[in-house]
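Can you keep this structure in mind? I'll have questions shortly.
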Amino acid sequence: MTTGTPAPDPQARADGEPSRIPVGVLGARGRMGTEVVKAVNAAEDLELVAMVDEGDWLFNVADAGAQVVVDFTRPDVVMDNIRFCVDHDIHCVVGTTGFDEQRLATVAEWLEPKPSVGVVIAPNFGIGAILLMRFAQEAARFFPSTEIVELHHPNKVDAPSGTAARTARLVAAARRDAGLPPPPDATTDALPGARGADVDGIAVHAVRLTGLVAHQEVLMGAAGETLTLRHDSYDRASFMPGVLLAVREVGRRPGLTVGLESFLGL
Amino acid sequence: MTTGTPAPDPQARADGEPSRIPVGVLGARGRMGTEVVKAVNAAEDLELVAMVDEGDWLFNVADAGAQVVVDFTRPDVVMDNIRFCVDHDIHCVVGTTGFDEQRLATVAEWLEPKPSVGVVIAPNFGIGAILLMRFAQEAARFFPSTEIVELHHPNKVDAPSGTAARTARLVAAARRDAGLPPPPDATTDALPGARGADVDGIAVHAVRLTGLVAHQEVLMGAAGETLTLRHDSYDRASFMPGVLLAVREVGRRPGLTVGLESFLGL
Amino acid sequence: MTTGTPAPDPQARADGEPSRIPVGVLGARGRMGTEVVKAVNAAEDLELVAMVDEGDWLFNVADAGAQVVVDFTRPDVVMDNIRFCVDHDIHCVVGTTGFDEQRLATVAEWLEPKPSVGVVIAPNFGIGAILLMRFAQEAARFFPSTEIVELHHPNKVDAPSGTAARTARLVAAARRDAGLPPPPDATTDALPGARGADVDGIAVHAVRLTGLVAHQEVLMGAAGETLTLRHDSYDRASFMPGVLLAVREVGRRPGLTVGLESFLGL
Amino acid sequence: MTTGTPAPDPQARADGEPSRIPVGVLGARGRMGTEVVKAVNAAEDLELVAMVDEGDWLFNVADAGAQVVVDFTRPDVVMDNIRFCVDHDIHCVVGTTGFDEQRLATVAEWLEPKPSVGVVIAPNFGIGAILLMRFAQEAARFFPSTEIVELHHPNKVDAPSGTAARTARLVAAARRDAGLPPPPDATTDALPGARGADVDGIAVHAVRLTGLVAHQEVLMGAAGETLTLRHDSYDRASFMPGVLLAVREVGRRPGLTVGLESFLGL
């Protein structure tokens, strides 16, 4: 089997046994890449056929017959990687950061002449975090108040976290769509910073604490009740179910997909 | 205005000012009824035209021109109330408990010859609780483990709460649909009761504590992460937004609606 | 019985039945005073003998034979009230705010010639809140990191709450006594306010949310573990056990006591 | 330096530089022992002089000049280890389980002729867990209701956890001492297990969830308020500060000490 002539259904073989999807990992020695390698090896329906990192030849993944490539590399090399894969009819699951509108448009362009190739670019493969964002977005219009508290280990350099800021913007947009006024707040006498950062009108508070890993709480309140959505991430392992889901699905989703949400059926 | 000749659009009047929906409350002196009376009085687009409780004439609500009736009475009188309202072309919002399949079928029959009348029967008007159940149901298939902890004041006689049991059954159904095996549990050495009640395969724990009101937590776990959905209800006031939403919408939803979910656009 | 000749043991009567402590309430029609009146009436060992508010004569409490007075009035009248009680040998339980070092010194002076009279002035009668502060103080030295999140209804005008600020200062002092360095924090890229208010080196975050009442969380972290202390106050009723405890104890604690801590045996 | 003639102050040397305490680790290749080895190596004031595990000679620790031995071995060998250390004037920090009253009495007997040797035997070196138990015990008498929820990974075989059961017993004893009646509970209609396990009159609930590590919550309630104490343990590293504290202090605490509490100044 070569990537140039992909089997029509990668799950079926002539002998009746399910075939395994051949997977290549780019950035295989990085922190996330290492986890991906472990997860692919542990999955019965996947086969690790190539591990590539700095200093390795990219065409190894093509030669090895990878049908899907997982890329956790760096913003400065990821575009080359995607271009190579698309050219070689290899589906891509991309967790590398640094994509703006322009980069996404470029990838979409590359995919135009390749109607069977799929690329999914996701800022977050944590299914729990994605669900939390989705639920916050759905619930926002029913609650006059929403605030976000994110809690991380003290080595984190940015505050608030990217996920918290993104959640705040999604909530703010849902509130605008529903015509909600700003959350009520009678504060007139505050110490600087007490009421958190203002992200698109939503207060976001960042706690930094030795012993914590990565946690986020969305608090929503209406008269007489509150709804709290909390996600606790203890381990990079938590991203792997999302990565594996994308690996299994990307071949059925030609074109560019941004975010894992649609793969989750949300 | 009489209920026999409802205005084509209850929101508009000839003088350009929005008309108010005339509302009657059955069980007006009960704990929930009292809250409904307050909430209707406080709503600018609603007008309280009749309050009925034991010993009062039911036809008062018709004579007073109620277009919508809210019923928080008792299982032994609610069917008569609904029948009366349907016969008089009055929409019904029913929070009284005790509806089984047979009662629902009877109400649906009554509605057949009345294509413009709407009846909504909801076991729970708390929007937060409804959202929590919905989100738990949606998230269930992504997590190997789900357990529920509900926490209430110590005067509650049933354990677990009806809402917790219902949430457990919804989660269990979603897990079955997704083909999930039972949640992992290596417990071999347990005190009786330590692992909670088994509701359709889901462990449910009931905490009773002075000072608490009504709280529910759904805990979902996957490798390296947990998602927690928590609802805190401090006050019966929290049911009123759901009741008012139903009052405003029921006229646009002819026939029988069970549960508030569809009114919430969920 | 007159307050000038107090019974040696207010709990004992000649007939063998326990006597009840006669209590007067100042500010009896205020929000806290109303609760105190209810609580004293409900306590079998206390007897409400006088209720005084603006426009009433203060000497009513003396004439009525009050042995203990509870004062929830205003900063501009509380000193006169205390002076009157001390002069009439009536013990005082004071929840009114606005006491600084000078006022406390003045009260202590008044008490010098009255060795049997007790006055307790407490900024907080909530036993849960007092315990939380105490535990935070005791635990602080074992954890490199401490932050505080307080959560209140959106009508609150100050942020952070007085209790949270006080807790932060107590924690900061305990950390200094133990020689701890500042909590680790690698943040270099923060939105203004994201990291909360700085109270004596401790980050304090204030959440304002419809539906909430008054809540406080102290989060402490060390390598691989966190300890969280949380207090939820749903109702002014929560202050009454502390007030009643003070009423029962103040007669056995001559002189000036600041804070309820010592009455709690902490 | 030999262990038979310990320096009067192990922290001081003739040249003015602080000396390091020589430490031996028994069970050095076990899960806890491995962590202890790492922690001792990382501590500037301690020196790892011997690592002993099955198959190694115990007298290595004496020959190497260990002043303190840390024992995380097994119930069937720990008594021999302690006897050896006491005989050789080596202080012991013991985390091995399986001590009953008889074993403790035996150790105390061995220590009688050795007035300068200290042995501390602790079921738990997690400072957070110890603080939680202590605070629960102190607060118990102020709250009519206390319940415990412990949450662990699903591979745990016992339910509830030993720490939760111990906390329940401590709370129950504190309640008895204060003359509190049983917690109020109107439950009459319960599914089996819903109200948790009964440990000495305290309800204890055990949650098992993929993704969790080891967590415990003590919930205490009074009218209008609740106090929640929560400990989250993410990593065995969390036990090391307690172990190192014991190593540093045991030389100053001759005789047998059970539990780390007194070392914490609690």
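Note that the chains are named A, B, C and D in the order they appear, and that numbering of residues resets to 1 at the start of each chain.
What we mean here is this: contacts are C-beta pairs under 8 Å (C-beta built on N, C-alpha and C of every residue); 3 or more make two chains touch, one makes a residue touch a chain.
Keep in mind that this is a model prediction, so the values were computed, not measured.
Between chain C and chain D, which partner chains are common?
A chain counts here if it touches both chain C and chain D, which gives A, B.
Interface check for copies chain A and chain B. Shared numbers divided by all numbers used: above half gives same, below half gives different; which is it?
Both copies touch with mostly the same residues.
Tell me, please, which of A-B, A-D or B-C gives a repeat of the C-D interface, judged by over half of the contact pairs matching in residue number.
Repeat of the C-D interface: A-B.
Could you tell me the distance, in whole angstrom, between the mean C-alpha positions of chain A and chain D?
41
How far is the middle of chain A from the middle of chain B, if each middle is the mean of its Cα atoms, in Å?
That pair's centroid distance is 36 Å.
Could you please state the distance in Å, as a whole number, between where the Cα atoms of chain A are centred and where those of chain C are centred?
That pair's centroid distance is 49 Å.
Of all the residues in chain C, which ones touch at least 2 other chains?
Chain C, residues with two or more chain partners: 143, 211, 220, 222-226, 232, 234, 238.
Can you name the residues of chain C that touch chain B in the complex?
Residues in contact with chain B: 211, 213, 232, 234, 238.
Can you check the complex and tell me which residues of chain C touch chain D?
Residue list for chain C touching chain D: 126-129, 131-132, 135, 138-139, 142-143, 220, 222-241, 264, 266.
Please name which positions on chain C make contact with chain A in the complex.
Where chain C meets chain A, its residues are 143-145, 147, 149, 151, 154-160, 165, 183-199, 203-212, 219-226.
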